[in-house]
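You will see two complexes here that share chain A, one where it goes with chain B and one where it goes with chain C.
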Partner chain A sequence: MTGQPRESDGHVGTVFPQVAHFAEPLHLACASVLGPYQLVYETYGKLNVRKDNAILICHALSGTHHVAGHYAEDPRAVGWWDNMVGPGKPVDTQRFFVIGVNNLGGCHGSTGPSSIDPATEAPYGASFPFLTVEDWVHAQARLADLLGITSFAAVMGGSLGGMQALQWTLSYPGRVRHALVIAAAPSLSAQNIGFNEVARQAITSDPHFHGGDFYRAGVIPERGLRLARMLGHITYLSDDAMMAKFGRELLGGTPHYSLEVEFEIESYLRYQGKKFSERFDANTYLIMTKALDYFDPARAHGGNLSLALAGVQAHFLLVSFTSDWRFSPARSREIVQALLDNRVPVSYAEIASNQGHDAFLMENGDYFAVVRAYLERVARECHA
Partner chain B sequence: MIRADHELIAKGVAPDSRVLDLGCGDGQLLAHLQKVRRVTGYGIEIVPERVVAALKNGVQVLQVNLEEGLSGFMDGSFDTVILSQTLQAMRHTEAILREMLRVGREGIVTFPNFGYWRHRWQVLNGMMPKSPDMPYEWYDTPNVHLCTLQDFEALCARIGAQVMERSVMGPHGVTVDWLPNLRGSLAYYRIRSQTT
Partner chain C sequence: MTGQPRESDGHVGTVFPQVAHFAEPLHLACASVLGPYQLVYETYGKLNVRKDNAILICHALSGTHHVAGHYAEDPRAVGWWDNMVGPGKPVDTQRFFVIGVNNLGGCHGSTGPSSIDPATEAPYGASFPFLTVEDWVHAQARLADLLGITSFAAVMGGSLGGMQALQWTLSYPGRVRHALVIAAAPSLSAQNIGFNEVARQAITSDPHFHGGDFYRAGVIPERGLRLARMLGHITYLSDDAMMAKFGRELLGGTPHYSLEVEFEIESYLRYQGKKFSERFDANTYLIMTKALDYFDPARAHGGNLSLALAGVQAHFLLVSFTSDWRFSPARSREIVQALLDNRVPVSYAEIASNQGHDAFLMENGDYFAVVRAYLERVARECHA
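And now, the complex of A and B:
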């Protein structure tokens, strides 16, 4: 199926997911072999004749291939980075050919724990292998091969997506000309791993988890997923942003002395948790958080990030947000530092925002102007 | 149109060298040096609009607060570190000069000369001075540490900086050799650490 977006009003319009099948198994970091497998992806804009105007967008923990536009059958299903990607937007689909791909292990069409294992004709469940950021990048590179893209104009992403962009410059230094690494970190802190572990415990201790093989039982560990998402949401926002958005007004005006929802934040977290548990696979959540925890390119170099980045050829833009305490500006500056040590061309913007980690998903004048200005340069390089 | 002080700075920068421009503004100087001297390097800027402008001008820019020093840069990692009309707006004047001589083999500093006769004349007449190089009112100026040529040279001596070259410009970019501290409105210095 070919997506033919209708470009109007700065939106890419109606889009269609496509599926790429890969017969050759993929060798994973955990020493397992996965395959055959499929990846679901979307594209926006046109690949030029030289095939040098492609931008790969890597998604974060709970993202998907649906980056921009909407579906004909569900106009409300707008892509998660629709404010960033589209005609005339910072990632201008009139100049670039933009690809969004659901990562391996996902639950939105790419082969993942909820997919059917051809060997058993039952969902993989607990038998699905653990994945790493490197594995994702290798899988994405195969999709690029399939699309005839030998070198990306840019690979970009926020949070875990930014880690993938960074990994691209290490795994395939000759295949990525620019990396836009936004609200990311060179590795998770112990605190971050701690948050992930609480989220995983919430899921695995749900009686409906069944050791990961809940599909057979016809249930989902919904309560665990809700709790995991509620915890996540608290860490994605700043204290100030939460207070500004939800305050501490009591819904009834006075205390009810009950466990029912009384504060706006309780209502919000419960709603977000419920919504998430209805669309996300518990095993995918476990695998994605573990991939986050494992990411640490410096590990193979005695913890020295500068050594780890010695071979990069790409140019970089790093962006961080002042109120992001999950992946703080200091973590982005570690990457900048390592790039400077290697004399790599890098630009860095520290955007004033009170939105916390979630700021990378939100429209912000300075942030969008920086990405736009940087990508205009990239566009000029490939005459897009 | 290339500014006269940018031309002067370009003359003091070696071809194909590595340059760090502190307070790079919209990146015009660095873009000029990239073009005429094929330099590589980075600009440092704190104001968001200027970071965007520098990106548009095709230079690598890092949004870092200079007042916090240059701890991100290794000793001697640049051939030339430039402070183009930035020194007078710095709070930690001495610290940034020491940092530039640590990070760069050479430093280029330009600043408006407070000792320029028109400035002195305005003070004599009871007003804070204003000029093309110091266009601000006293109440909205970003300049906190204005100085004269003599003042700057005294500070260089104090921190062990050797003046390798001095050039002083009058209005319209004309070089001033006679009574520079009186007749010059913009000062250019090339300095290096005496210990290296």
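And now, the complex of A and C:
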């Protein structure tokens, strides 16, 4: 078992995003109705004749539809899960038809707060509705309809993406045969919500936020976005990984006694924050964190996750990482236990890693071997 | 062994702050010279004739000199370690003369950035120098001189206060007989520094910060302070303690789909942030976090903590708390090991607690019994 690329491993090559338009409005959990709207997506591999070899990949907080490959006009813009998805890779595009989709409310092409509201011909801004994981799944189901996919071989994702995979098995139990739920949780803890709340307060208290309608003011709440992202990055890494990666050596060996960058971690966080603030929409960030906070399938069942998962028909692979303190292995085990309570076939792998929550994005021999082996079984169930 | 108050336990009663003026400037680690300056402090109990029963209590990031008792004019203003310090309490004021002092750079009476610089007759603001734990210890040593204390029975503190206790044994090995280092670390990890950096960026990016000279603008960077404190609070508590205290129930039972408070943790953090921003100085916060980042006795010894502690003469009690993820037990054990390497007498207690870092401030039977027992031995070494 090794994480080294196999000889047959390759990249999906040049890819291009597609846009699906939906004229019929979507009824949302918040009781608002959104539409018309569009979803931007990419596909890799070929849908077979029976259309039963499709895998939907759901993205996390800051992810996009660009899962694998690169763009002709920008060869460096490699997909965020390119190590996982491609010919001969764990999600083998020689066998599966893989779909990446930017979630509704996003800022990478799907209709979101920065999109033009046809009713006002101005950006939605603060008027864009808050969304839930359920809403995303419904929107994704319509995309599946459009592509003629009645049943997914698998829906998979990490973190918030894993929550969507889980929700698929609840919202559309007959349309997903396998769910790969990676580095996820059945709900956020109070600590998770607390971190999200600090990020939101950073954004909304930025004078450039303008109550969410900053577009027409011609500014962005970049200070708030920077802070939100810096904080996020700390929670994506383990204490050990940060220490190994950045240490605590002072630039120049001695204190500067100033507010300038002195430690490498400061430099890293400032850089990541700045980069993020230039590419991400503040309202999308708020929507994403709120969707995370709201996700809680057990809520409607008195907090009983086993009851919540009673109608599940899919089979599951759960993966967690030992040093992930954002969504710890214990949270994945809650899902595993609830599935076992319902006699749902579930495989569970707790992967030794010191990379923290970010481990789900990184190449790791054991992790990739588990996903590969699971999906090889799934592939054998599909038609040629 | 019990954490219940004993019959003899009592409060120190009404206390009052005193001010010590120092005309001679202090030479700081940053090569600046500060002075004249003042330190505000409180004392409880009586200094014995031999002046060998004094205990210095060092405060943490947001602490003050008001360790125990209450003020006549405000009976609700109880000291931050009142459960620990008093007649019959673990730090027994019937036996010890206890001193609490507000650190230099503070905002509760000791000379700090919000104080008037005699040279300009305006607040120091951005011109106030950055300080180190070593600087604080030197300033405290001068206060000890003033009080005629040549040797402390003990210096103690939690978190950043524990670092000061440790530094005392290095800067003045002959002047401290025991160090009680609680919930501390020999240095911050990259993660710790990262959290501090986010807090600093929150403050300095607040348009009301004015580069540190907000006093003359008549504003305070309260948004930044609020965010810094909210973030701090999350790291002071354990995930479990937050879940037990706040849960994840929605106010009203269902999502509001808005940015208003929906979860109890949001309400708590907003309240704590607001309260803090009204009482704490932004520049002091920056100074305190920088002092934390800089603290690293091993730095001058090639990262070898055992070498750094070679000159220590004091005896030690180290205490850590199992759920403290800010300064984990492993960090305390690093200090214990380095002391053992030097054959320094050290007692170590790892207290089972789910309260996280904040546990050092809370009454806990095992914790208080350990401190009590240790200080009973210390008391027997003092003269009557």
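One rule holds in what follows: the second predicted complex is superposed on the first by the 373 of 384 C-alpha atoms of A that agree within 3 Å, B and C clash if a C-alpha of one lies under 4 Å from a C-alpha of the other, contacts with A are read in each partner's own complex, and residues count from 1 in each chain.
Just so it is clear, contacts are C-beta pairs under 8 Å (C-beta built on N, C-alpha and C of every residue); 3 or more make two chains touch, one makes a residue touch a chain.
Since we're looking at a predicted model, the values are computed, not measured.
Of the two partner chains placed around the shared chain by superposition, chain B is the only one that A:A352 touches, whereas chain C remains out of contact. Once the two complexes are overlaid on the shared chain, A:L269 sits against chain C while remaining clear of chain B. Contacts of A:L170 after superposition: neither chain B nor chain C is touched.
Contacts of A:C58 after superposition: neither chain B nor chain C is touched. Touch criterion met: A:A373 reaches chain B, while chain C stays clear of it. In the superposed model, A:L340 makes contact with chain B only, not with chain C. Once the two complexes are laid over each other on the shared chain, residue contacts for A:V198 go to chain C alone; chain B is not touched. Between chain B and chain C, more residues of chain A are touched by C.
For chain B in complex with chain A, the touching residues are 18, 40, 42, 48, 51-53, 55-56, 58, 60-64, 72-74, 77.
Taken together, the chain A residues at the contact with chain B in this complex read 315, 333, 336-337, 340-341, 343, 345-352, 366, 369-370, 373-374, 376-377.
Residues of chain C touching chain A in their complex: 29-30, 32, 129-130, 132, 187-191, 193-195, 197-198, 200-202, 204-205, 207, 223, 226-227, 230-231, 233-234, 237, 239, 242-243, 245-248, 250, 255, 257-259, 262-266, 269-270, 273, 286, 290, 293-294, 296, 299, 325, 328.
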